[in-house]
Structure formats: structure tokens, C-alpha cells
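You will see two complexes here that share chain A, one where it goes with chain B and one where it goes with chain C.
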Partner chain A sequence: MSESSFEDHAEFQRSAEPYVDVRALGSGTREALTRYVQAIADDAMLIGHRDSEWTGLGPILEEDIAFSSMAQDEIGHALVLYRLLHDHLGAPDPDGQAFMRDAPHWRNAVLCELPRDDYAFSLMRRALYDLAVAMRYDALRASAWQELAAAAAKLLQEKKYHIIHDRTFVSRLGRATEESRERLQHALDRAFPYSLALWEPVENEPVLVSAKIVPRSADLARQWLDRICVFLVASGLKPPAHPDDATGAWVSEVAMSAVGARAGKHSEQLVELLAAMQGVYRSEVGAIW
Partner chain B sequence: MSADVSAAPTLDRQAVFEALEDVKDPEIPVVSVVDLGIVQSVEVVGSHVRVTITPTFSGCPALDVMRAEIRERITLLGADEVEVVVALDPPWSSDRIKPEARARMAAIGIAPPPPAARFQADFDLELLGTSISMKNPCPFCGSESTRLESAFGPTICRSLHYCEACQQPFERFKPL
Partner chain C sequence: MYGDPSSEPTPEDRETSGEMPFYTREWHFDPYHQALSFAREHAPLRSEADTEWLLWEVFQQAHRGEHHTHVGSLHAPDAELALVLAKENYARRGPCVNLWVIPANQIHATDYDDADVFEHTTDKSYREPSGYHGLRKAMIKGRGGIQPESTVGVESEDE
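The block that comes next holds the complex of A and B.
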């Protein structure tokens, strides 16, 4: 198989030790692991739902199709992760997880539940999210939980197409006209603080880190910030961050928005989203379409 | 599980693989699940058959259709129990698509995927900020002067391209 595309998370490497038996983990660790996988699955599910709202409404046909396809990919990724939770951690079946949970039980970052807004916002949200998630999946390929490592390897391959998409459009529109640059910049200013919260750790993450099941979110956050800022600047945009004089590492100038979402604290918009997304399923639970 | 000696003599791995040639990808009906490399393994114990398949793209809606057709087709062979298991490890790669199937794809205007390693190399360049080369020879005229129109097409496994030489749009099965 191909080598890692994101080689610089040296702290989290697959060791020679055997894989962990998830069923044999202590209940505290299993709960933390459930929270972690739920968080990343819920991110995929909801950004997938939001981007599916572009079907039929995209600004150009190719982007209508691209957002619809990325939405389909994301919902597929959520399904893979919900299945892991169901098969190994005692969660309900994937449909039950997606369609029967109320807002306080969702662990997604608020970035993924925000309304689609204009095209610039949806595009910028994808750019911030896709790089973060690709880096997370890349790191999870070294997970001590074999099934999670395999799923991450699979999802990373597909994520590459999202990144190709985002880079093409952000770098072109960032340097196209005054209006396209301004609209992207406005979208960036709005989405950026929310995107920082993609890295909010779930409760008790350290037990998962010491079991080598997941990488430390703070480490990935730092690497992501460096990469995304360099890309945004190269695209003619100004991230609300600057490189540190001494180390060169990028430092955010704004605080994380919407902290607490990984523990179930969400915006009003999630309630509206869930009403639309879950209504049909709940109207006749168990129906076969 | 005990082997059932009374099972029809035709129910063996080879018969199952032959039967699976009849199960086509509903999105590209000229290729079968075997051609695409979706079938990872086939086990036959007596009249019990277990087929392990792996999705091309995780969100592929055709997977459930193919799974149902696999079960149906193998039941016709006389199997009492057919199990279709979905596995993600090792992940599917477009390198698993058979050469004959590539030719059949090209014949209906879908360019077959280049080697996955080339896609990987392109992707790394992209991360460094170099413009991505997603070029692919035209399946109609063979010209190399083509360009990527969009990384997404009519299904999640295909991208859209344009040939400058014969001025035809075409699709490509994505390397993965």
C-alpha cells in the first residue's frame, strides 16, 4: 500500500504490540471510545446532510454534482463508523443511531450542523473540514483497534477526492475576482472559529491515547492549523492566525467557537436539521422503502 | 459445520465464481462484481456458501443491490445458505479491476483508472501546492490532451474529463 501522505505525526505510530480486543476493554475506555467514534461519525453524517441540500441548487452543474457526491460519500463514511459502533461497542443499528437520537445525544462539531448558507460558506466549511478529517483518518490508520485502522485507511482514500475538489475551487475563487475573494474571506472569518472546535477532544480522550487507539487531538490540531493556514494564504486569503516569530508555527488569533458540542451542546439549527432528516424515518419506524 | 455430501456436485468455488460473473454493477452493466474485484473470497462448505465482498466507494448505493443479486444467483446454484459478508480490509483498490473489464469500460466511453500509485503521487504533489495532474487518455480517440472537468460525475466512482483533440467529454472510473 501507499505511504502516508501526512507523515508528520511521529508521536502516534503503530507499535509492534498486538491489536487491542475492544470487547475486553474496561467500561470507562469503551465509553470514551464510543464517544470518539460517535463524534467523527456524527460530523460526517451531518455535513453530508447539509451538503445534500445543494442537490438541484448548486451554482453550476458541476458543483451541484460535486456537493451531492461528497454528501453521498460522507453519509457512506458515517455508515461505516456507525456499523463499527454497532458491531463492537453495543450501539443500536446504524439507522437507529442516525434517525432516533435527539439533539443532546449528538457529538458532532457545530461546524457540521450549521445551515449551508451561501456557496462560499459551504465550500469553505468543506475545505476546513476535509483537511482535518483526512489528517485524522490518516493518523487513525495506526490505531491499535484493527477495525478502526482498516476503516480509516478506506475512508482516507475517498477523502482525497474531496481535498482535490476543495483546493481547486478555493485557490481559484480566492484569486478570481474581488467579489469571489471577499465572499470566501467572509466565509472563512465565520467558519474558522467553528473549525477549531473540530479538535475539541471527547471526554476522557487521554485513556484512548495511552491505549494507542486514537491520536491526541491537540497534536493533530496543531499540524492542521499549520497546513490549512499555508494553503489559505497561498489562495489569496487571510486566516485569522499568524506564524509565531520564534517557532514559525501558526497561532490562531480567535478562540474556538461552540465548545461543548462533543458532549452534546448544540445550536438551535441542529434541532431543525434533525426534524428534517429524521422525520420520515420516525413516521414509520422499521418501514422498508 | 459438517460438509453435506448430498449437495449438488456443481456447488464448488469455481461454480460460484462463474455464477458471480452474471452479477453486474448496476451502474456499469458491462462489468461484473468479479471483474471489479469486489469479491474478496468465496468459501463453500457443503451447501453453505459465504461470499466476502468489499465496496469500491463506501457510499456506493449499488452495493446493496449487488449483495441481493449475489444471494439470489447463488441460491439458484442450489445453496441452502448464502452469506454475503462486507469487509473493508484490505480496502478495495482500482488496481483490482481486471484487464478485460477495463477494455469493456473503455468501449462504452468510460476511461479505465490509471494505476492507483500514480494517483497517490499526484495527490502528494497537490498537497505541496502544485496543480494536480489528473490527465487521462481519451477513451474515444486515445489523445493525451485532455483535462479534468470535475472530480465528481454521474456516480461517486467516476470523474468528468474533456478531450481537446476530439472535443468530447468523457467519464473516468476513479483511481483509488
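The block that comes next holds the complex of A and C.
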């Protein structure tokens, strides 16, 4: 098994300065930080929910179990981040955040709320998402907010397997049969513009960047685009992007889809998802299981 | 055909067909998973020869230095995917530092009809540690010469 390493974040390295005290930050910075952590927590929560819809329906039994387990991992990651918000930034408890918020209050990228579609789409979505999130967590290990850095280090550990899983399946299916390649390519064409929006910054991100609490999303987006495109091409697929003649850096040929999701602008599918995901909890709030 | 349930002689066939007494018949080592015989015959290590993916046996090592233990089996088209799937199917709960996957068609097994060869019909207790219980005491106390009092650390029979 090959492993991935994401250690080239020269722009965002932990300096010798002490960690920031999150409680002492100005209210504008705290709000921006809440938005940022909520965005990545909501991504994990909803892709976890969508992928859990494969339980019992997976393409083969073994992958059904593996994919479901990875879905649970994501919900676990969301829980870690919701706890951070609750413990340090005054958000409701994790259940309250996950089950009592209506669609306009969710900050996930639309990629994560789209219906599962066929397995090719769900797999491709994971491949695009997992690499992006692993790179984000990797960078966040250098955050000036100590608790966030520690959480990112913990979550990154589980992303390693997710990436091994995605790469193994995508690289084989991309070169297996004409049908498998076509279905993956179709999934890629559909998911790719949405995946760019994983990097849509939350409002006021620059104050977090200058406080060295989070890396600049645009920097990570560029590095991610290079890596994911090289991988997709090696898997027999054609990303809607090309390497720049002069610099060699990959340039997307399509625009970001669904801009505004980090500020609460979502598709109808999120409303339907939340009805399914929150229904039981809301039917008896506070029930003990 | 070797390992093919349809053409393979039944235990009754084997016992009645030859003139040799039953205890001289050839040992019969079946592929552990006989449904793979078709794929085995046509292309032993190519998954497309089978109607489904190859079967792999999974062995898990809980801690370094320990034996790998058989934990189950799964289907996968090749060894790398078998390892990827084995991680979530078998190693997601208990401790694990290492996994093996082995093509099930590479495992050969004895026949349950031959299970009688493993039976012990005479006293084989000398092969077990417990078979030696009390032997040292008997050697010390018996045949004269050495008194029990002079044997430090050897428990007496009374205890």
C-alpha cells in the first residue's frame, strides 16, 4: 500500500509564537473561526450521511462494509469538530448543531450534500473530498489554535486509509473496462466543479490567516488541484483542467459550482437530506437512547 | 477433475472402487474452497476467469511478534484490494498491526474423511506436559537413596 504525504506547506508553518487564546480573540475573529470550523465539520457530517446511505446497497459486500465504515469515520470527525465549537466558541452541543439547524445555517460545500447517485459518483466524490480534506487537516496541524491543531492531527491519521481506499478503487476502475472508465469519467465531470467549491473561503478568512489559525484556502486549492489532476490522469481519466504551459501548474477549465454554500446557500437536496437525518432526533428532542 | 465437486469421487466411491483396503487409499488434499476449481483450471491467478472475484483468506496480527490469526475471508480481484478491504472488514475493531491475505485456492486441506488419522487410540499422554505430572517426584522418591526431606522446592504428594 502506498501512503500519501502532505508535507509541503511552506507558506503555513507553525512559528515560535505562543498559541492563541481563542476565548480572548475579538468577536469578528471568533465569528470567522466559528464559520470556518463549522464549514469543515458540516462537510464531514453530510458526506458521512450521504455515504451511509450505501449501507446494505454497496456494489459488493466487502466494499459496502468498507464504505460504510468510512462514512462513520466522517461522522466521527464531524463530532470532534462540533465539540471544539461547543467547548471553545459557544456553539450548542454537537447534537444540537447536527440535528437542530435548518438548511440556511449549514456551511458545507454543496458537493457533500448531493444525493449519492451511482457508486461511481459516490466514489469519485470521496476521492476528490478525501484528498482535499487530508491536505486541509495536514496544514491545520500547524494552527496557532492548539486544540484545532491537535484535532487536525488526530483526524488526519484516519484520512490515510481513506485515500488508500479511494486511490486503489479509482485507479483500477479507471482502467478496467470501457464501462467502468466511462462511468467514473461521467462522475468526475459532474463532481469536479462542485469539488472546487470545497475551497470556497468562509467570510473573513483573511483575519484567520493573518492570525495563523488557518491556512489560506486558495493556496491549498492550488496544491490540491495539482495533486488530484496528476492522480486522475494516471488513473486513465481526464479532469476538466490542463497544466499551464509556462509553470506546469494545473488550471481548471471550469468554474466553481454552487458558490455561496459556505454562507448558507444550498440546494433543495439539503432540505430533503436534513429531513431524513434530523427527523428522528426532532421527534423527541432530548430523548435518552 | 482435481478439486471439482462434480467430477470428484464421493467418499463412498473412493472406498468401494479400488481393490486396496480403505486404509491404503491415497491421501486426498482438497483445495480449501472448491468453488474456485473452474477459475483455477482456466487461469489460476486471473480474476476474470472466475464469475466472481477471487476469494482471499485474511490473517490478522494483533501485536508485533505474535502469530497471525485467521479472521475470515473476503472477495477481491487482487491482493492490494484484498488488503484494502480486509482493513475495514476485519481490522476495524480489535488491535491490529499487520494483515496477511492469501488466495484461498493456494490453501490445501486434509479431508474430513481422514480425520481418523488425528485420533489417539492409545495413551499418548507422554506427548503432553501434563503427562509428566509427578514423574520427577516419583524418580526422586522411588528406587531408594534420596529422601523427600532433602529435596528442596519439590512439593510433597500430601499437598
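Here, the second predicted complex is superposed on the first by the 285 of 289 C-alpha atoms of A that agree within 3 Å, B and C clash if a C-alpha of one lies under 4 Å from a C-alpha of the other, contacts with A are read in each partner's own complex, and residues count from 1 in each chain.
Here, a residue touches a chain if its C-beta (ideal position, glycine included) is under 8 Å from a C-beta of that chain, and two chains touch if they have at least 3 such contacts.
Quick caveat: nothing in here was measured; it's all calculated off a predicted structure.
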Fit-or-clash call for chain B and chain C when the two complexes are aligned on chain A: clash
First (chain B), second (chain C), both or neither touched by A:160: first
Partner chain(s) touched by A:241 [first = chain B, second = chain C, both, neither]: neither
Chain B or chain C, by number of chain A residues touched: B
Touching partner for A:74 - first (chain B), second (chain C), both, neither: first
Contacts of A:187 with chain B and chain C, given as first, second, both or neither: neither
Contacts of A:220 with chain B and chain C, given as first, second, both or neither: neither
Which superposed partner A:65 touches (first chain B, second chain C, both, neither): both
Contacts of A:170 with chain B and chain C, given as first, second, both or neither: neither
Of the stretches 3-11, 39-47, 57-65 or 111-119 belonging to chain C, the one that collides with chain B: 57-65
Common interface residues of chain A - those touching chain B in one complex and chain C in the other: 1, 62, 65-66, 69-70, 161, 164-165, 168
Touching residues on chain A, where the partner in the complex is chain C: 1, 60-63, 65-66, 69-70, 161, 164-165, 168-169, 172
Contact set on chain A toward chain B in their complex: 1-2, 5, 62, 65-66, 68-70, 72-77, 79-80, 146-147, 150-151, 153-155, 157-158, 160-161, 163-165, 167-168, 227, 231, 234
Touching residues (chain side chain C, partner chain A) in the complex: 53, 74-77, 80-81, 83-85, 87-89, 92
Residues on chain B engaged by chain A in the complex (per definition of touch): 55, 57-61, 88-92, 116-117, 119-120, 123-124, 126-127, 129, 132, 134, 149-154, 156, 159-160, 174, 176
